[in-house]
Every structure is written in C-alpha cells, then in structure tokens.
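Structure in structure tokens, see below.
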Amino acid sequence: MSSNKLKVEDLSAWFYEKQVLNRVSLEFPDKKVIAIIGPSGCGKTTFIRCLNRMHELTPGARVRGRVVLDGKDIYTEMDAMEVRRKIGMVFQKPNPFPNMSIYDNVVAGLKLMGIRDKALLDKVVESKLREVGLWDEVSDDLRRSGAQLSGGQQQRLCIARALATEPEVLLMDEPTSSLDPSSTAKIESLVRVLKNHATVIIITHNVQQAARVSDYTAFLYLGDLIEFGETKKIFESPKNPLTEKYVTGRFG
Amino acid sequence: MNMRRTKDLLMKLTSTLITLIMAVPLLWIILDVIIKGASALSLDFIISLPAPFGEVGGGIGNAILGTLIINAMACVIGLPLGIATGIYLSEYSNGSKISALLRTAIDTLSGIPSIILGLFAFSLIVIRVGHYTALAAAFALSIIMIPVVSKATEEGMKTVSVDIREGAIALGLPKWVITIKIVLGIAKSSVITSSLLAFARISGETAPLLFTSLFSYYWPRGLNEPMASLQVLIYNYAMSGFESWVVKAWGASLLLMLLVLSINILVRRFSTKVG
Amino acid sequence: MEPNMEEYVKKINSTLLEMTELIENIGDYVKAALEEKKGGLLPLTTEICKAAQLKEEKVLEICVEALIRIQPFASDLRTLTTSMKVAYDISRICRYLRNIIEVMEEFSISECDTDDVLSLLKDARAMVTSSINSYINRDLKMARDLIKADDSIDQRYRAILRKLASGNYNGACILFKGLTARIIERMADHACYIGYETNYLITGNRVEY
Amino acid sequence: MKYKSNFFFEKIFKTILKITSLIVIGIFILLFYSLVERSIPSLFQNGLEILFGTSWDPNFEIFGGAPAILGTLFSSAIALIFALPISLCIAIFYTEYGPVRLRPFISGIMDLLAAIPSVIYGIWGLWTLSPILKINFQEPIIASIGFIPIFSGPAYGLSIFLASLILTIMITPIISSISIDIFSKTPMHLREGMFALGATKWEVIKNVVFPFAKRGVFAATILGLGRALGETMAVTMVIGNSYLWPFKSVSLFASASTITSKIASEFPESVVNLIHNSSLISLALILLIISISINFVAEIISKKSVGG
C-alpha cells in the first residue's frame, strides 16, 4: 500500500533482559491521526520511542525488527539524527529549552541543521506560531524565555518547535496529560489540523481523547499489539475482548 | 550533516582521551609510592624511633603514633562541635541572628586555606604557651573538621521527611528526643560517613602542623609538647635531600596513603551500599 | 457517587420490563376484545400507551445521563444506543396494539371471524415477549430465531390478505381484518427490530435488512 | 512531673547547642582578630611594600610580597585554565559518551585523586615528576624555543610550571566531580527534547547541558580556585621557593614562590624576628582576603545570573 507512511514490522524492544514490546507489526496511513492506547506499562511510550530511535538513548535498551519510513529502514538505512528530524516528537511534559527565547525554541531544530538565514527563520517562527495558535499570544515579545509561558502555551511552543523542521511524522507522547481542560481542547483541535501536513501518532491514556482526535487506534497490552483499526470501529465494536474491557474501563 | 557528525566524533574522542589521561597520574602516584615506599617498610621501621642523624636504620614509630594522637585530639574537639552545630542549624536555627552568623562562619571556615588555620593556632596557642605543642595542631585540624561534619549533619537531618517528624510529634515525644533519637538516628549514616572522611582529610593535612606540633625525634611524652607526625616527617625528610631520609619519607608516604585511601574506599563502598 | 454502568443498565432494564408488563396488559385487553368482539376499551388502552411512552422517555433520560457521565465505548455504548431503540420499539408496539382497538371502534365487527387474526396476534405477542427477553438476557440465539419467526408471520399475514381478497366477506370485516393483520405484522416487525438490536448489542455488527 | 522534666531537658539541650554554636562563631572571629593583630607590626613597618615590593630579605628587614602574591595568583590561574576544560571533558565522557559500566571507575579515580594527601603530591612531584620533566620536557623546549622569554632557560626542575601542573592534577577531581553531579542532573526531558529535533550528542551537550550546568560549574571552578590558592605542601615542595620569578626571569621554568610556600618554608625560622614573622602573617592575611573576596564575588555573580 503506497498510502502507508510508516511501516512497523515485527518490532520487539527490551530494557536489559525485560522485554517491553513483542513483535508488533503495524502500518500507519499517511496524513491521519493514529492514537496509541493501553494501560500504563503496556509499552506505548517505548513503542513510539522506537519509531524515532529515541529508545536507544536509554541505557540497556535494545530493539529488533524493522521500522520503515517511505520504504527506508530507519535503523539500517538512515542515521538517527535524520530519522529524528523527519519524525518529530512532542513529550508528555512540555519541555521548552529554558535557556532559549520563544524565537530560538521554535528555530532550534533549523539552527541545528545550519540554517542561519534571518528572513527565513523569521518566516518560520511566525508561520509555525500561527499554526499552533500561539502567535497572537506571544508575538509582542518573542525574546521572552519559553519557560515563562503557561503550561498549555509551553506545549504549543514545543509543537511549533517540532513542526519547524517540517517532519513527515509527528509523535506525541501524552501531550495533554499535564494540562488543564481548555489547553487540552486547544491541543486536540490542533492535532486535527496537523494531519493535513503529517502523520500524527499520539499516545493517550484517555480513551475519550483517543476517540475525539484519532482516525485510527491501536491498543497495546503488555507489549503486544492487541488490536488496530479505525477509531470508530475500535470504540464502537472492538474485536478483541481485551480491547473491549479496556475501552469500557473494566481493566483491573 | 557531515560537519556535525565530525564535531560529535571529535568531542567523543577528546573526552575519552582526556579521561584516560587523568587516570595516569593516579596510577603513577600510587604505584610510585608503593614501589619506592615498600623498600623502606619493615617492622622495625614502624615501631622504632628515628635514628640519630648519620646512623643507619631507625624508624618512624613516633610519627605514626603522633599522627594518631593528634587526630584523636582533633576528633575530640571537632566532632562534637561539628555535630552540635549541624543539629543547631538544621533543627533549632529558626532564622535567628546566631544561626545566620554560624552559617557564615562555617561556610567561610570551609574555604580557608589550612595553612592559615595553622598560623591561627600558632598565634592563639603556641605564642601564649611559649612552645610548640600538639594541642595547637589538634585545634587547627579540628577547625578543618567542623565545617565538613556540620554540613553533612545538617544536610542528613534536613532530608528526614516532615511525615516522619510529624509522626514522632504525634506520639507526644519532646523535641530534643525526636531530634536525637529519630532525626539524628536517620541521619546517622551521613554523620558517620562525613566524620570518617574528615578524619581521612586531616590525616593528610600537613600545613597546619608545621608551626604547631612541629616535630620531635622522641616518643610522645605528653600532649602539651612538640610531637612528630607522619605528614611533617614526609615533608622534612623529602626536603632534606639525604637519600636515606628520602627513602624513609617514601615509606611514610606509603603508610599515610594506605590510611587515607583505605578510609576513602571504605566510605565509598559503605555509602554506595546505603544509597 | 461514581457513575456506574451496571447501575444504569439495571435501571434501564427494569424500566424496559415495566414497559413489557404494560404491553402484556394491553395485549390481554386486545385479545379479550377480539375474542368477545366488544368495544369501549379505547380510553383505557390510550392511558396505558401514554404510560408506556412516559417509560420510553424515562429510558431515554437514563441513557442520556449515562452517555454524559460515562462517555461509554464499545458494549457500553451499544447498550445505551440499543436501549433507546428498544424502548422506542416497545412503545411503538404498545401503540400498534392500541391501534387495533381503534380499528375495532371504527367498524362493526360482530359478524367477523377473528380466529386467524387472534392466532396471528398470539404468535406476534410471543415474538414480542421473546424479543424483549432476548434483549434483556443478551440471548443471541433467541434473537436469531426471532428473525426466522418474523418470516412466518409475514407469510401468514399475506395468506390472510389473499383469503380476504378471494373470500366472501362483508366490507367492514375485510377492512377490519386486513388492517388488524397489517398492524400485527408491523408489531412483529418491531419485535424483529428488537432482535436486530440484540444481535448488534452482542456482536457489534448490524444485520442487513 | 514528666512534662516539667522534659521541659528542663529541652532547655539544657538547646543551651548546649547554642553554646557550641557560639564557640564556633568565636573561633571564626578570633581567627580574623589574631591574624590582623599579628600582622600589625609588619603593616606599620612595611606599609604597601608588602603588596608591591619585589624583594625579600629578612636580614635587611625588606619584606616585599609581590612575587609571592603573583606566584599564587599565576600558578592558580594556570591550573584553572587547564583543569576546567579537562574537568568538562571528564564530565562529558562520564555522563554522555562513556559506557555506563565505566562510571564507578571514573568517579573512583576522581575521589582517590582528591583524597591523596597534598604532601604525597609534593614528594611525588619533587622526586619523581620533576627530574623526568626537566630532562624530557623543559630542556628540549628550552633548546628549541628558548629564545621566547617565557620558555627561556635554565631548566630548574622545580618551577612555577611544575607547581601549576601539580595543582592542575589536584583541582581537576574537585571540579570534575561537581561537574559530573550537575551534568547528571540535567533534566531528561530537556535532553530528549533536543535529541528529538535531530541533535547530535555534542549539540545536546552544547545547547542543553552546558546552559543548565553553567552556574554549578562556575561554583565548582571557584571552589577549585580556592583550593589552588591555599594549597601549601605540594606547591612548597615543587616550586623551588625563590624570588626569581617573575621579576628576574619571566620563564615558566624558573623557580618561584607563592604565599603559602613562603610561609611554609620560612615560618619556623622567622619566630626570632617579630617583623619577619609578622610579615609572613600579613601575607597569610592577604591570601585570606583574596580567597574570601573571590568567593564573595562568585556568590554575587551566580546570584545575578539567576534565570539567565
């Protein structure tokens, strides 16, 4: 299928001797939002960290299997820096760089790539901040430290930062878990817009959120992919009794 | 992309190389002291007095004993003061003027070069009693111990959680009992660790002894008199330039190093097990 | 108190059972009316149907509240959506039964033979009862049997119509029996819909019909 | 009854703590008082000579402290210039590039280097390192680029160069252990944020770890500087204790003096001459003022850069 942006084949992952992912195979369609759900400790975070090779930064981490982005294996045919530039990531806790201004936070990725053209950077800052709906709130002083923003603004700044390098896939690890409801709503509506540019893979511990924002949903349990399918189907009539139990909140 | 990877690789190589290089002096010093010191070692060396100048043989027994006596006296003065001020700062300070002044005193004392503490002990004690004395040396060394022990005690006690304290208060115990039995009991390991490290530290300190206990070629006969010590012996003998004395200085260095490093290694193992 | 799906389901089911009792009652009245060919039951049956409609609204209310509080998914979600439909179907069945009384009031039926509609009614009522049982007890087999039973009702309904068309009946009787049989056939359809809901509730898939 | 006795013990306990605190404060104040008191004769006689004078001769009662003061500042500064980058490299290797299983060895090496008594550094520098460096390092350099004044001969084995080298080895473990501590505390979520943008390890260090750690590393550097300024035994044993540097020879390979080496080597004999003795104590007072004011300035700087 040519419309599949990212293919995961037989992916297993370990921390030292403990296996946390067990032969997961999955194909992510292009320009859709895919939610990853599952109880805590099910390997959600490890799974998406394998998709941009962040997993290997953790001591004791090991991966087997293939992750293929547009036909290229990210482990054997690409280098980690390139992978991470093409597959952006937004974290659970907003993490703007406190030593950088709002402006510098947005262009941090571009500066790493050696882009110094002021006019271009200015343009990117404005367009990305507008995209995440932050421009009107911060444009009066872009030299402020990113750490001075509110939690929801910080997270949107981090999304703008991830978008600045025009990633083809955006990974989001519970991006709203530390935010209040109105910030959460803003991020959710942003996610729905983002899929116009990129494939968005979002982990959430909140099944309602998965139902709200995603087109497809994958359910992981104890390192196994239990079920993957259209969000509507997963939440209306899941095939697997485990998925059923999880989405109806009957998990021990 | 290439430039970036090259820079990264370069930093990796540089940092690896420099770290490896820093292992060289340690191994060199340790091996050097062991090789040169071992030839001087013998039972006689450890238990007998230095031979009169020009004669062969003799040992450093009085210096070993002297170091232990001076250290013991320093502990007698320094540990109670260090622990008590640590307790005071952690539990009873309440932001009073005394505690602010005490904190300044302890912070400043910890940064004062040890030779200045020797001069202080000289001015305060040696000048007044009119002769060099081991008491002055112990006093100078105890000032080195106080900040080390005090800070560790305070920090150890501060880590005791409010829950535990409130639990003890809820039992109706008076504050001094809570402080000594419960809070200090929990902070015990950091107090012991810091005391041992302070002991190791003063065992190696030489500058404060130079003008206080000075040196002696005889066995200690009392505390209020000049006394030999390993540290000063190493300095005197090494600087003398006489080959037989330099060999003895290496022997003394080996003993001193064994004492100091074994305490340090012991404390490291002990504290990593606790952590 | 923590919103609890089991509690909501219990409330919904007991309301549905109350509705079932109402249509059992109204069914009995209709049966007696057909047997004895007597009239005058319209006000009573109208009251019963009003009561059934109130119960339907109560089921809707419970479901809406559960939707808001639980935001349910999967079988929980299906339970609520099907309950709303089942409540509607039962209330609809109640109105069909009342329609029969209405039709009886309209025509003079003392001369009419009511045996075949009575037997059709009996079977349709049995279907209704078992459809509700299949729903409440989550009985997939019972639900699937219903769908077969509906086919036979349809055939018998058509047989009655053919008989009416060919036989020698007076106009009032033809109209009365035709309309009544039609109403009963519709009633059976709704019992069948309840069966479909049961099927969807349990399997998650809709039956094509 | 019980309540009363508890109250009584509480009072006693508190009083004991207060008395010990006052004793320590007393010692602290007395320290300054007696140093100042013992310096006064020298300050009266020598005036500013003790700061700026370039020669020192007890027989003629000339007590100029400049070469010793400069020796202290210069040797410490050189040690710092080398020790800081070395320490950063070690901390980088420890926290970023090096394998995790090497960590206990690295921190062990640093702890032991820090624990070795300075008099042992001294004897090693004096009898082992000095002859080797003299033949294999100083003499070849003097032979090749000796025309440059700071590398000119003759090669004294005991020199300000050797003192700086030993000080570098002595303060590196101090700065590196603290740097390791601070580097390790860099929040994981910030590091990962930078990695996720496609940064190399070095770029993460440069953009996230350094900015996060700079204040702590600065404090560690000041601590190391304080240690270097006050270091006595190792320096005294390897610096040669002469007034050659910097006014008679600017060569790094010339023997020199520091405040501490001056005091350690001359103090016992100075007891017979009040002014000589007092001059040495004035030098100690100057050292004390230097080290306290460095700490003071450091504190101001690190407080100013809060949030920066």
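A, B, C and D label the chains in the order they appear, each numbered from 1.
Going forward, a residue touches a chain if its C-beta (ideal position, glycine included) is under 8 Å from a C-beta of that chain, and two chains touch if they have at least 3 such contacts.
What you see is a predicted model; the values in this text were computed from it and never measured.
Here the chain-to-chain distance from chain C to chain D, counted in touching steps, is 2.
Of the two chain pairs examined here, B-D and A-C, it is B-D that is joined by more C-beta pairs in contact. Put simply, the chain closest to the centre of the protein, by Cα centroids, is A. In terms of their C-alpha centroids, the spacing between chain B and chain D amounts to 17 Å.
Once the centre of each chain is set as its mean CA position, chain A and chain B turn out to be 53 Å apart. Per-chain Cα centroids separate chain A from chain D by 49 Å. Multi-chain contact residues of chain B (touching two or more other chains) are listed as 4-5.
Shared interface positions of chain A, defined as residues touching 2 or more other chains, are 81-82, 112. Touching two or more other chains at once is no residue of chain C. Those residues of chain C lying in contact with chain A across their complex are 5, 70-78, 203-205. Interface residues of chain B, counted against chain D in their complex, comprise 4-5, 7-8, 11-12, 14-16, 18-19, 22-23, 25-26, 28-30, 32-33, 36, 80-81, 84-85, 87-88, 92, 98-99, 101-102, 104-106, 108-109, 111-117, 119-120, 122-124, 143, 146, 150, 174-176, 179-180, 200-201, 203-207, 210-211, 214, 231, 234-235, 238-239, 246, 249-250, 253, 256-257, 260-261, 264-265, 268. Considering their complex, residues 6-7, 9-10, 13-14, 16-18, 20-25, 27-31, 34-35, 37-38, 86, 89-90, 92-94, 96-98, 106, 108-113, 115-124, 126-128, 169, 172, 176, 200-203, 205, 223, 226, 229-233, 236-237, 260, 263-264, 267-268, 280-281, 284, 287-288, 291-292, 295 of chain D touch chain B.
Across the interface of their complex, chain C is touched by residues 207-208, 211, 235-239, 243-244, 247-249 of chain A. On the side of chain A, the complex with chain D involves touching residues 52, 54, 57, 59, 81-85, 88-89, 91-93, 95-100, 108-109, 112-113, 145, 158, 161-162, 165.
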